[in-house]
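Dropping the structures in below, format is structure tokens.
Common to both upcoming complexes is subunit A, partnered first by subunit B, then by subunit C.
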Partner chain A sequence: MGKKILVVDDDPDVRSFVLTVLEENQYTPMVACDGVEGLEVIQKEMPDLVILDVLMPRGSGIRLYRHLKTDDALKAIPVIMFTGIALRSFLKSQKVLEAFKGEKIPEPDIYLEKPVEPQELVDAIRKKLD
Partner chain B sequence: MSASKILIVDDEPTIVRLLDMSLKSDGYTTCTASSGEEALAVFEKQSPDIVVTDIKMPGMDGLELLKKIKDLDPDKEVIIVTGHGDIDSTITALQYGASDFINKPVRDEALAIALERAESKIRIREQLAAYTQNLEEKVAEATVEIRRRSNFQRLLIHSSHDAIVAFDRDWQIVVYNPEAARIFSKRARDVLNKMTIEDLYPPQLAAHFKKEAKNGTDDREDIPWKEMVLETRDKKQIPVRYATSVLHEKKEFMGIVNFFQDLTEIKRLERELIQSERMAAIGQTVSGLAHYVKNILIGLKGGSYVVNVGFQNDNMEKIKTGWQTIQKNIERVANLTQDMLTYSKERSPEVALCSPDEIVSEVKDLISDFAESNDIEIVTQCEPDLGQMWLDPGTVHRSLLNLVNNAIDACLQEEDPDRRFKVEIRTRKNEDGAAVFEVEDNGCGMDEETKTKLFTPMFSSKGGKGTGLGLLVTKKLVEEHRGTIDIDTRLGYGSVFTVTLPERPETARDQNDK
Partner chain C sequence: MKIKKLLFVTKFESLCYDALHSLLDLRKSGLEHVVFLNVIEREKVSMRRGKGYVKEDEIRLKEMANIRFIDWAENLFEMGMEVGAYIEVASLIPKILDVVEKETPDLIVIGRSQKGKLEQLYSRSDITELTRRSPVPILVFKHLAEDKMVPAKLFERPLFATSWSNSSEKAVSCLKELGEVIGELHLMHVVDEKELKSTDTHKVQSVRKNERNRLEDLCREFAQKGISARPHVYVGDPETEILKAAREYQATLIVLGFSDRTALAERWLGSISRNIADKSMFPCLLFPVKK
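So, the complex of A and B:
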């Protein structure tokens, strides 16, 4: 049984694509459609890695990411941001939030901008897990 | 005026003394002389205002003294004291400019009256002098001022950026500044006071102004700025803006003034501005589209990867999933293309007798699966039934589908976990008999800024998931149907979009005629 990887993305096309990539590479995939569902699955299943979209309804990826990184029980789980949002915009939003909330959150381990070739995604996962 | 100084001249010392005492007691200043020669010396030294002299004296007599004094200063008054019946001397004295005569023996009253008259003459002369001098100064001042003003006005007209052309009542050109010379390409010296309105203006324009002149009756009638293309006599086409003042004096036509502004440069700048705005819009459009197309591409690539995996593993389930993704994205490309075509092309509504309520239920059927999977309730409220109406069913369908999709997206973006999301579609007729469609959601709503940007091309509040064309296309369709679209929204509480479409039976007939 491969390591557990959770995909949180509201787009069913992205979910099926990532799911297929994970299956093909012998991981155990799990899916969630939004941030709220994502957190539930994480707390229940404690995945080895989370692939996280940024723009999602009901609990955005930004919120879920900040939650993961400030929760002592969950902060060790590596996160790959997987999104159509440019890294620059994402980092800027983080900076604004940090100034606003007065807390410093580490930058995401890996940030992948869609579109991503299956091999790129696999390489990123291997880098974190192996 | 202070009391006058009087010189008393008589060869009889008694008379001199008597007069001297009398005048002093009346408040005059006096000086005396007992002969003509002495009198002249005293006169030059003391400069009295009035001289009272006996006519008959040894040596220089009164008449000679009078003449000499008048030669010295014509403004001095001389009163001659004569004996009775001495007519010849009196006439001579008058010729020499004596101011008055009194008879011997000198009576106080007669002297007093003569002195008063002399004094009043002096006073009038002084006032006149003062007045005249003042007048001269005033005229000099006014002349300077007038010259200054006229220079100023000349300069003003000369250096004006407007071309100024004025005609007198005979339509002669009396003002023609350098800018006018530039626009009309004729030199001032060939035009001023030589040409009439017909020589300078194209015939139509000349006729136009002549007509304007006849209409006016007030002192000045200003005809506001208008634009035209001026074709000069040498066939130049110049876009101009012009204003006219018709001048009247006492209801009589005095002439007209025209002001022309050359708009060539402004028109050029306008063209450049429009061009650059168009380029900016294209830039914005392209980058918005690129983003959206990129997302479709991601879907297609992901889908084909999943299909490939399905083939490799002989997994029918995978092939189906991937194929669905591909189909969905083909659909997105089709919709995008249609939206772009709709937005970019003029189109008139294709009106037919149709049932708005049926279209509402079609739209509901189309999106109900997706809404259900996202826990969003779709409610329709179509009572009473609108029946058959002359509308473009395509406009109704596309507009409603767009608005309902937006409403669902608004629900998906709202993060309140306890809210039961609902999209309601209502139809009714308004007082004018137009069909009204309302789409209400209890989703995220919009702030003012988002609301104002709603109809901006390629503006999307949905990240890469919107084309930014949907509402724009809806608005265009609705407006082509001569309808309206209104928005009522509150951030955090939801929005209501109201589309009102008037019936267009005449459009249907036009199309049938064709």
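So, the complex of A and C:
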């Protein structure tokens, strides 16, 4: 069985695209539709990698990413951000939250702006897992 | 009751980022999360004569909404806010209520109903429908002038028309949490002309005095929360008088409680709050009856 990869995205077309790419490359995909469900699956399944959207209902990827990187049990899980939101906005948001909450968190391992070609996604996954 | 999370329902025609921006002052009193909702009405994508369901139209409309939401969300994320979004093909009111259940917002923001007069007569407006069924307050957003400019500070001069009902009490508890945002609050109560039918001047004046005292007590409660409030007693038809007061004091917003009349009674007798929300030029913040 391949490594477990969780896709957290509210768009069914994006989930379907990523699932196909993962299955074709012998990974074991899992899905969640929003930030709340994403955290539940991560805590239960402890995936090897998370592919995370930002703009979602019931908890954005920004808050989920923050949660992951400040939780000792989860912070080692690598995260690929996969979103339409610009990196500049993501980083600025984390900076504001950092000033407000006082916790400094690392930048995401890889930030991919949608859309990407399948190979670009596979390369990013391999870079983190291999 | 704090407004920490708001649901912003938009069709992009009458309610855009400038409207949202005018609400961001609420961050000073706790707003931290905005959820966008765009409902694509079914008739726009389905069952065209000779075509049936048009999948391409759905994709195009969803992507157009997505592009707008991404742009808005980037602005809000950069302010450190939490943002979520729903883009759905559905019926408007059931979808709003569905998202309210999932997200539990403290406030729904929606644009003015676009239905025509004849259509409203038979089917009720979206606003009327929503006010009847929503468990949370609703801000019916309108542009104050013909040039569609949005007031920069929506809560600068709210006019709160109290009927002393339980929905008015709910409005009081919410307004008290907005001390950082409200400039000056105008409190009013409209005395029904029927109450002044006595020929005894003393009785008539004592009705006015009693209402004035109740309003002054409420003003003192607001003052304790750091909100400057002024009382006003009006007499006559509530709908007319509330709109008159809003104009006289250049209100930026009218705050009202929902009526607790039954749907049937409301159809025949009307509802002051819903009529004002549907027809007036002022943005209206409506509070539901506690159930």
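Criterion: the second predicted complex is superposed on the first by the 130 of 130 C-alpha atoms of A that agree within 3 Å, B and C clash if a C-alpha of one lies under 4 Å from a C-alpha of the other, contacts with A are read in each partner's own complex, and residues count from 1 in each chain.
Heads up, the rule we're going with is that a contact is a pair of C-beta atoms (placed from the backbone, for glycine too) under 8 Å apart; a residue touches a chain by one contact, two chains touch by 3 or more.
Everything quoted here is computed from the prediction, not taken from an experiment.
Annotation: superposed three-chain arrangement on subunit A; subunit B versus subunit C shows a clash. Once the two complexes are laid over each other on the shared chain, residue contacts for A:Gly84 go to subunit B and to subunit C alike. In the superposition on chain A, A:Leu68 makes contact with neither subunit B nor subunit C.
In the superposition on chain A, A:Phe17 makes contact with subunit B only, not with subunit C.
When the two complexes are overlaid on their common chain A, residue A:Ile5 makes contact with neither subunit B nor subunit C.
By the touch criterion defined above, A:Pro115 lies against subunit B but remains apart from subunit C after alignment on the C-alpha atoms of chain A.
Contact with subunit C, but none with subunit B, is seen for A:Phe100 once the two complexes are overlaid on the shared chain.
After overlaying the two complexes on the shared chain, residue contacts for A:Ala32 are found with neither subunit B nor subunit C.
Of the two partner chains placed by the overlay, only subunit C lies in contact with A:Lys92; subunit B stays clear of it. In the superposition on chain A, the residues of subunit A contacting both subunit B and subunit C are 10, 55, 57-59, 84-85. Residue ranges of subunit C in contact with subunit A, taken from their complex: 35, 66, 69-70, 73-75, 77-80, 82-86, 99, 102-103. Only residues 10-14, 16-17, 20-21, 23-24, 36, 55, 57-59, 84-85, 114-115, 118 of subunit A touch subunit B when the two sit together in their complex. Interface residues of subunit A, counted against subunit C in their complex, comprise 10, 34, 54-60, 62-63, 84-86, 89-90, 92-93, 96-97, 100.
Of all residues in subunit B, only 291, 294-295, 297-299, 301-303, 305-306, 309, 318, 321-322, 325, 328-329, 412-415, 417, 463-465 touch subunit A in the complex they form.
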